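There are structures below to look over.
In the two assemblies presented below, chain A is common to both, partnered first by chain B and then by chain C.
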Partner chain A sequence: MSVVLEVKDIHKSYWRKTALSDVSFTIERGKVIGLLGSNGSGKTTLMKLIAGLTHPTSGSIKVGGATVGHDTKRIVSYMPDIPLTEGWMKVKDAVSFYRDFYADFDHAKAHEMISFMRLNEQDRVSSLSKGMQERLQLTLALSRNASLYLLDEPIGGVDPVARGKILDALVEYYNPESSIILTTHLLTDIERIFDEVIMLKQGKLILQEDVETIRMKRGKSVDELFKEVYAEC
Partner chain B sequence: MIEFDNNLPIYMQIMSYLKKQIIVGKLKPSDKIPSVRELASELQINPNTVQRTFSELEREGIVETRRGLGRYVTSEESIIMGIKKEMAGELIEHFIQGMQELGFASNEIISIVSDAVESKGEERGDNP
Partner chain C sequence: MLKLLKYNWKMNSLSLYIVLVSSVLLYALLVIGKYKWGWMDELVFVGGVVVSSLSSLILLVMTSLSYKHQLSSYHRRLLPLSQLEEIASILLLGVVYMLLAATLTFAFFAVLDVNFNSAEVNKAMEILLQPKPLISSILFALWNTITLLALIMLSMATTYSFRGKYRAWIGVIVFVGFSLAVDYITNLVVGPSYDQYFAFIKFGSYEADISLSESLPVDWFHFWSVPMLIAALALVLKLAVTHYLMKKRIQL
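Our next item is the complex of A and B:
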């Protein structure tokens, strides 16, 4: 299987504060990866580094064999934890905005996902509930035909029913040729869509493992393992 | 729908779910089984996990892939009987172990089982 992402000896400091240190891992094509960690463990920093929105202090990150930069942004679709859409936009404006920005934006897919998510094209983005907002952001991010999707907390603030809908959309619209990295701290429902999990703790990578192997070898769920690992945090 | 136990490998749970469907006849010999995608979205799980389930079922000869057409339950009754025996074996092993832990001897277990089967039969009114 080919490697989509290669992170090598990454170190990132903000001024004197170290956000990430000695982080190395690779991700293969077609995998769904759960990036886990308690608050402040470095998840969002790592996502931003892969998206090319901030630069590592040292180390290298390659997407599809190329060092992160202008070219890799074309094949990486990043859903930030803070929406990129503006308050004046209607849902359809947000879609046009993304279409104008990204050459790989699939308008037909966006259309389909909007109705799947029960979003209304005429609704103002600012009037959407938190759950609907998350559905919109996920729709925008997944409507690109990217090689790598970075989804930062796609199920952060939604109720269990809405979470189910978002999970449905992920399984339904995920392209098996691409990979997804998804950060979350709500594991119970979502751990079944992962192939592997990566755990970060205080800026260090402490585990990368196949989830079925975790269940088989340790006889416990990813959620339980997570609670164990972060118990003292 | 399956109630998953996240402490156990998911692909094994889907395997036994599909095997049960075959044994009880919800999936019949030569029936087409859902695609990876369909089953993944129905169960809200990773498509790769479903893929793994199917590969294992193929390896055991329970499922056959017909090129370009999809996957089908085997038409060989002997394999289906095999699954039935295998699952029955697991149940019995579990049961016997439980009974032994309660301190029952082999002949006691047998008489308890035959009594229970008899009274169940009367309840349902069937004549095995």
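Our next item is the complex of A and C:
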């Protein structure tokens, strides 16, 4: 399997505060990775570094063999935990925005997802509830045929029905040739779709392991392991 | 670049329509005031200049806010566009807005037919509305819009290169400092008696001897060529530093 993401000796600090320290790992194509950690462990910083929104203090990140920058933005689809749309937009404008700027945007898939997520194209983005906003965000992010998807808390703060719908969409619409890195605290709901998990603690990588290995060797679910590792946090 | 311009245009469209419609209504009020209610020409003229200046200022602020949005929004920073395209798109937006404001202003003065008590001022107005000085004025206004916007963009990019609550002051210092530096260099090269047309901040007072047909810069390229060169070099420097900051320093 080819490597889609290579993170090497990454160190990131903001003034005197260290957000990430000596983080190295690789991710192969076709995997769904759970990026786990307690609050402030560096998950979002790592995602922003991979997306090219911030720069590492030292170390290197390569996506599809290219150093993070202008070119990798074409193949990385990032869904942060804040809206990716503008207040004046309707749902159809948000879709047009993505279609205009991303060559890998699949318009037919977007329409299918809009219908699946029960979104209305004429609705103004600012009038959508939090759950509907998250559905729209996921629709926009997954409608691209990207090599790497970065989903930061895609089911955080939504009700169980919306959560189920979002997870179903993830399984249904993700491109098996690409990889997904997903952060969440709601492991019970989501661990079924993970192939691997990466755990960060106080900015350091403490574990990267197959979910099957965790279950077979440690005899635990990912949720149980998470609670054990982060018990004191 | 044009796609970005399209979305900036859409984002600002409501505010733009409000500014343009308000300007047209105010200009119409001034024209009606002159012809129906007998308002003094001087008053109507000054009113027109105030409306024109205010609408231009608001459009400049709107352009600057679009750039702020470009720097600080996740979905904009994630776009696979080069920094040069982003900068060019904002400059183009500013130029289009300026042209809109200028069109309304010239339409107003063309319709107005003002008559001042001073023969010299009347002559000046007549000359200014002739094709060559008119085109020169529009080109100068466009040039000034671009240089001022580039300075604003540099200041904002510097502000967003830092973290913390005092970062806005760094941007202010860059804005004032750069403007003064260009002013100083222009004076040094051309001489202190020269009108510092390109500087944003001007110190000192001026007395103009209006002998219009001689002093109007109809052969403007020759007349302004040296400060123009300095301003062009300053513009390139501003854009290069802004490009660098956007590429290497600004982080979300």
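Following the convention adopted for this analysis, the second predicted complex is superposed on the first by the 233 of 233 C-alpha atoms of A that agree within 3 Å, B and C clash if a C-alpha of one lies under 4 Å from a C-alpha of the other, contacts with A are read in each partner's own complex, and residues count from 1 in each chain.
The working rule: a residue touches a chain if its C-beta (ideal position, glycine included) is under 8 Å from a C-beta of that chain, and two chains touch if they have at least 3 such contacts.
For clarity, every value in this text was computed on a predicted model and none was experimentally measured.
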| item | value |
| --- | --- |
| Clash or fit (per the criteria above) of chain B with chain C on chain A | fit |
| Partner chain in contact with A:74 - chain B first, chain C second, else both or neither | second |
| Chain B versus chain C as contact partner of A:188, first or second or both or neither | first |
| First (chain B), second (chain C), both or neither touched by A:174 | first |
| From chain A, separation angle of chain B and chain C (C-alpha centres, steps of 10 degrees) | 160 |
| Partner chain in contact with A:101 - chain B first, chain C second, else both or neither | second |
| Chain B versus chain C as contact partner of A:123, first or second or both or neither | neither |
| Partner chain in contact with A:221 - chain B first, chain C second, else both or neither | first |
| Three-chain overlay, closest Cα atoms of chain B and chain C, distance in Å | 28 |
| Those residues of chain A which chain B touches in one complex and chain C touches in the other | none |
| Complex interface listing, chain C residues touching chain A | 3, 6-7, 10-11, 13-14, 69, 73-75, 77-82, 163, 248, 251-252 |
| Residues on chain A engaged by chain B in the complex (per definition of touch) | 30-32, 164, 167-168, 171-172, 174, 176, 188-189, 191-195, 212, 215-216, 219-224 |
| Chain C partner contacts - residues on chain A that touch it in the complex | 14-15, 48, 51-55, 70-71, 73-74, 78, 80, 82-86, 88, 93, 97, 100-102 |
| Chain B - residues contacting chain A, complex | 4, 6-11, 40-41, 43-49, 52 |
